[in-house]
Amino acid sequence: MVFVLKPGRSLEEIDLFVERIESRGFKTFLSIGTEHTVVCLIGNTASIDLDAVVQANDIVQYGKRVTEPYKAVNRTVHPEDTVVNAGSVPVGSGMFQVIAGPCSVESEEQIIEVARSVKASGATLLRGGAFKPRTSPYAFMGMREEGIRLLLMAKRETGLPVVTEVMNQTQLPLFEDIDVIQVGARNMQNFDLLREVGRYNKPVLLKRGLANTLEELLMSAEYIMSEGNSQVILCERGIRTFETSTRNTLDLSAIPLLKQKSHLPVIVDPSHAAGIRALVAPLARAAVAVGADGLMIETHNDPAQALCDGAQSLNLSQFSDLMEDLKRRIAFEGKQIGAV
Amino acid sequence: MVFVLKPGRSLEEIDLFVERIESRGFKTFLSIGTEHTVVCLIGNTASIDLDAVVQANDIVQYGKRVTEPYKAVNRTVHPEDTVVNAGSVPVGSGMFQVIAGPCSVESEEQIIEVARSVKASGATLLRGGAFKPRTSPYAFMGMREEGIRLLLMAKRETGLPVVTEVMNQTQLPLFEDIDVIQVGARNMQNFDLLREVGRYNKPVLLKRGLANTLEELLMSAEYIMSEGNSQVILCERGIRTFETSTRNTLDLSAIPLLKQKSHLPVIVDPSHAAGIRALVAPLARAAVAVGADGLMIETHNDPAQALCDGAQSLNLSQFSDLMEDLKRRIAFEGKQIGAV
Amino acid sequence: MVFVLKPGRSLEEIDLFVERIESRGFKTFLSIGTEHTVVCLIGNTASIDLDAVVQANDIVQYGKRVTEPYKAVNRTVHPEDTVVNAGSVPVGSGMFQVIAGPCSVESEEQIIEVARSVKASGATLLRGGAFKPRTSPYAFMGMREEGIRLLLMAKRETGLPVVTEVMNQTQLPLFEDIDVIQVGARNMQNFDLLREVGRYNKPVLLKRGLANTLEELLMSAEYIMSEGNSQVILCERGIRTFETSTRNTLDLSAIPLLKQKSHLPVIVDPSHAAGIRALVAPLARAAVAVGADGLMIETHNDPAQALCDGAQSLNLSQFSDLMEDLKRRIAFEGKQIGAV
Amino acid sequence: MVFVLKPGRSLEEIDLFVERIESRGFKTFLSIGTEHTVVCLIGNTASIDLDAVVQANDIVQYGKRVTEPYKAVNRTVHPEDTVVNAGSVPVGSGMFQVIAGPCSVESEEQIIEVARSVKASGATLLRGGAFKPRTSPYAFMGMREEGIRLLLMAKRETGLPVVTEVMNQTQLPLFEDIDVIQVGARNMQNFDLLREVGRYNKPVLLKRGLANTLEELLMSAEYIMSEGNSQVILCERGIRTFETSTRNTLDLSAIPLLKQKSHLPVIVDPSHAAGIRALVAPLARAAVAVGADGLMIETHNDPAQALCDGAQSLNLSQFSDLMEDLKRRIAFEGKQIGAV
């Protein structure tokens, strides 16, 4: 952490500031210049509120964190790619996986039909919402426990590992046989939930919040890792901007940036980002090309009758066509899909 | 809900669409024009996924919700202002309240000193964080249960009703003697938590999320009210935009808009919005003038040593000066501060 | 400008970097620490592309401009408030002015009727668009030269100084008798136009662009001042955000921030920001309270028939009511409206 | 255009509204329902200010444009892809082009060296700024007329068609031998400039503004086409969002959306979007995969010494490596680069 002091301050004022900092247990390094004096802090500064120091001390012109505030997720600490084992399939470091399935589990017939079909098309994980966060209290909230039961039935039927979203920590006991626990965009900064899933020994799919920076996403992954769970998959799913022709703006720059800063695998959800069926295929292609480690694609046997998010779901035949295309592209990138 | 169909479609296609809608239990009203055919839905359409209908049915050019999706919070349903009784003080409908106190409860001395001072200056409620949502897992998380205990001690000492934030529903039993439960910006769409606080018979202070629209804020209030708790205070605290010279952008247009659409009281938190001490006073003045029902202002006995958010906290003397000014302004608006 | 170098670099590498910087004519001050080495640049660094230096030199961890890139507009250079003489009325430093009038000049009858009425209500400047920037090439573009002529007729009729927008520099000769030249939001970074109006000896009203930061707004004012024209009034008129319930989000924090960083007067346009008539009055009140030096309010004799932006225009009686209220508020703030 | 009226209004009120609309020359189609009455307007509604009608007429609950406001750029009017002939190379409809070159022309040696090198690597057009829009009035503004002269020298030397930016219409006579006139992001809504370039018979590269919607981009292209010039290439170059880890957020969803709504070719500028050299290659790959018709990539012989935007420029060898990769990808997409 570096502080640049205002010009023209007396040595006593400078000393007072340095003492105040050192009284918190930091070593400082001071360089007094003709214009600006610079104070560098040495030590783990993660607990310091930088803005507070700047504004509380009139002598400071500005301050800046020089090292990233995240440790465990940082690639400098762990230079190799992390591979997350999502049930039987590995994600990351050359292994590319495709998660497919409906927004919500709606019935036994539905989830079994979708599971069989997406497996036949080449999907390697099955998704299906049991607990659904909905903006309106009057909307369909998911089948809840029964949804989990049906999803696990589809897993037994097809062998596909399953991904589903947890909405609060009291639900976690129901996730014992789930392969990947999803933390949704609206819960990305539900810090108590992050800590709880960090205590499980199970992969976590962490979606970026609609208005969260990449640094905040990495800090939320750090919450999970700081509790001992290093099986975290990051997911870009669009951010909120002024543009209204898509539901959100998919930020594909996030993928190479996250992979540069962190060793964790990163996947892309083009369905929620765009909210428009016709954009799913081109954005999925772009995600493969930009270097993502996987995709999450909403697929439904009858999108017109879907109980939620039908507008963005591919039908089974559209998904099958897309997978044919994606398999060629994954191979083009020198990556592999499925088990090793 | 209104659907405008694409031009040049056959009567059979139109019939098929109408049947599909009616099979979901809605009555429709159809008007066939030379250019466009319009289908109006009659009934409670809150459960319909509008986008899904539009995209699932190729015949639809576009659809639009004509009535707001919120009911209980809607001013058309409840034309008079709701007054929320926050402990001994009423909020709304001409009663203006000022909540002051530190970001975090840090010690008995601190919270008692701040409580006494802000009360003497004219604050009518005391705030103080016990459970703190922090971006970093390594930052100070609040004193937790002990923080609640100290806050209640300050309440007994001064008589000020107290406001503090809940981070998850398992903490709610600790809030029995708290006067107002705060749901923070990051939890505005933690729907399970909203439902839980909706089952308590206690005022809820609901902060707008950093990237949430006013309609989403009202829908979250609707979650609380749909469980039977109608004591909700809305709070504007800044939204995330491209501008970086303030931490967030305080959206003061939200106050008259929310008060037009809803009967709930609306307060403003200029401290978190700006993140800069020098902006707190001018923004507080603007909030009074724009028609807010109250303010929430971070105040600390020693901002330079605050364990969080010191950069935006007023010290006790700055708060006292501000209150002198605000009292004149509240009176100028024809409003009253404190108990009736 | 300060550069913090990466840890563990050799003295030769550091020397190479310092030489490269000094070869551009800057003096440097170097402080070598155990962890980080810091290089401070001394001299006018406004011409340096900071990001380029950081990325071009692998040795640099990060760099930061310590001084603001604007000079002439900077309050540190010119501590007193600038007062801009807008025709017969001064703006700034305790003098508060209200600019009223229609979006577009539409006819002689219209502009004369509006001018007389807003003058009687207490407006101190008249606005009226002659050249109109419109998103669609098929929309009404303004009466152009004839609009200027009619606006000047209204000026002679009422004595009100007039404000109107220039769209490109070839139009400037027509503005000889206009009192204040407006540069619109979409032209805030039309740098050639800024230079041209900087060569006139006439007040310029510079509107903030929809997606421009405050620093960029000040840099655009710097363009005007760098050509010799110091008569610049800044105008906040809303920025683009994700919120769609207002046309733009009025950023009232901008007013105290701009006045802290610069000596130029700052006014507020609540009409364009909100795009909703019912919000104009509350936002105007907030603008007075937050410390603005003036307001610009769209007013029309028949908003329902306005050729542009009728949705946000007050009618003459609404404007009259608002002015009654604003006069009390301007006095409350200890400010004065009109001529000295 | 469709208006839904408020429930419970009398037939006289409805008639009054219809008359008012028809008095402006529109035919209406009225359907009176038990809940809502709907009024459809027939005719070219591009000149109507929708919001003004809604707010000026209390009887209207809400209104919506059903047809797009753009005509000439609309794919429904012109279903085939437009191919723009950029000098000797065609852009669009299976022809993919790569524009490379420095941010600014800095000297004869520089532009000739870059031009020869990028041509050898496979670039098919040369870019180079002569007139540079810069946020600061103290930054390098480009070599201006001399820059144009040197760019044309590089064109003669290599045979590459050239692209360069115009900043205002008085400069246009200098662009006679330029192959593609660029209108920059800050000028996307400089409507007078759009009209002027619309009167030239020369391809225009129109960049999306930092805060402009896709509809606004298409409306700006409509300005150019409405003057008779149909040779327009659209360019996505990133939008302004809250995310600060990249300079702008590249919106790749824009490419399939623009190509669905319009027949014009669309290219991508990853250099300006990201502002970070390391992101240029992955984003360029994603742009090819998402369906773009070309790329614009900043390339410099010595990025560390570039007079502007060096941070995002590839050096000549990096560009050469990227082109090797891109050629394989362009072929993979079944597209062709260069002349037919």
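Chains here go by letter, A, B, C and D, matching the order in which they are written, and residues are numbered from 1 within each.
Rule of thumb we're sticking to: contacts are C-beta pairs under 8 Å (C-beta built on N, C-alpha and C of every residue); 3 or more make two chains touch, one makes a residue touch a chain.
In this text the structure is predicted, and so the values were computed from the model without any measurement.
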(request) Taking each chain's centre as the mean of its C-alpha atoms, give the chain farthest from chain B. (result) D
(message) As a quick test, compute the distance in whole Å between the mean CA positions of chain B and chain D.
(response) 39
(request) Could you give the separation in Å between the centres of chain A and chain D, each centre being the mean of its C-alpha atoms? (result) 31
(request) Take the average of all CA coordinates in chain A, do the same for chain B, and state the distance between these two points in whole angstrom. (result) 26
(message) If I count partner chains per residue in chain B, which residues reach a count of at least 2?
(response) 211, 240-242, 244, 276
(message) Thinking of each chain as a vertex joined to the chains it touches, would you call that graph a line, ring, star, complete, or other?
(response) complete
(request) Would you mind writing out the residues of chain A in touch with chain D in their complex? (result) 211, 213-215, 239, 241-246, 249-253, 255-257, 260, 273-274, 276, 278-279, 282-283, 285-291, 329, 332
(request) Please name which positions on chain C make contact with chain A in the complex. (result) 2, 4, 29, 31, 33-36, 38, 40, 42, 61-62, 64, 66, 211, 240-242, 244
(request) Spell out the part of chain A that touches chain B in their complex, as residue ranges. (result) 20, 44, 46-47, 49, 51-57, 69-70, 133-140, 167-170, 186-187, 189-193, 195, 209-211, 216, 219, 222-223, 226, 240, 247, 275-277, 303-312
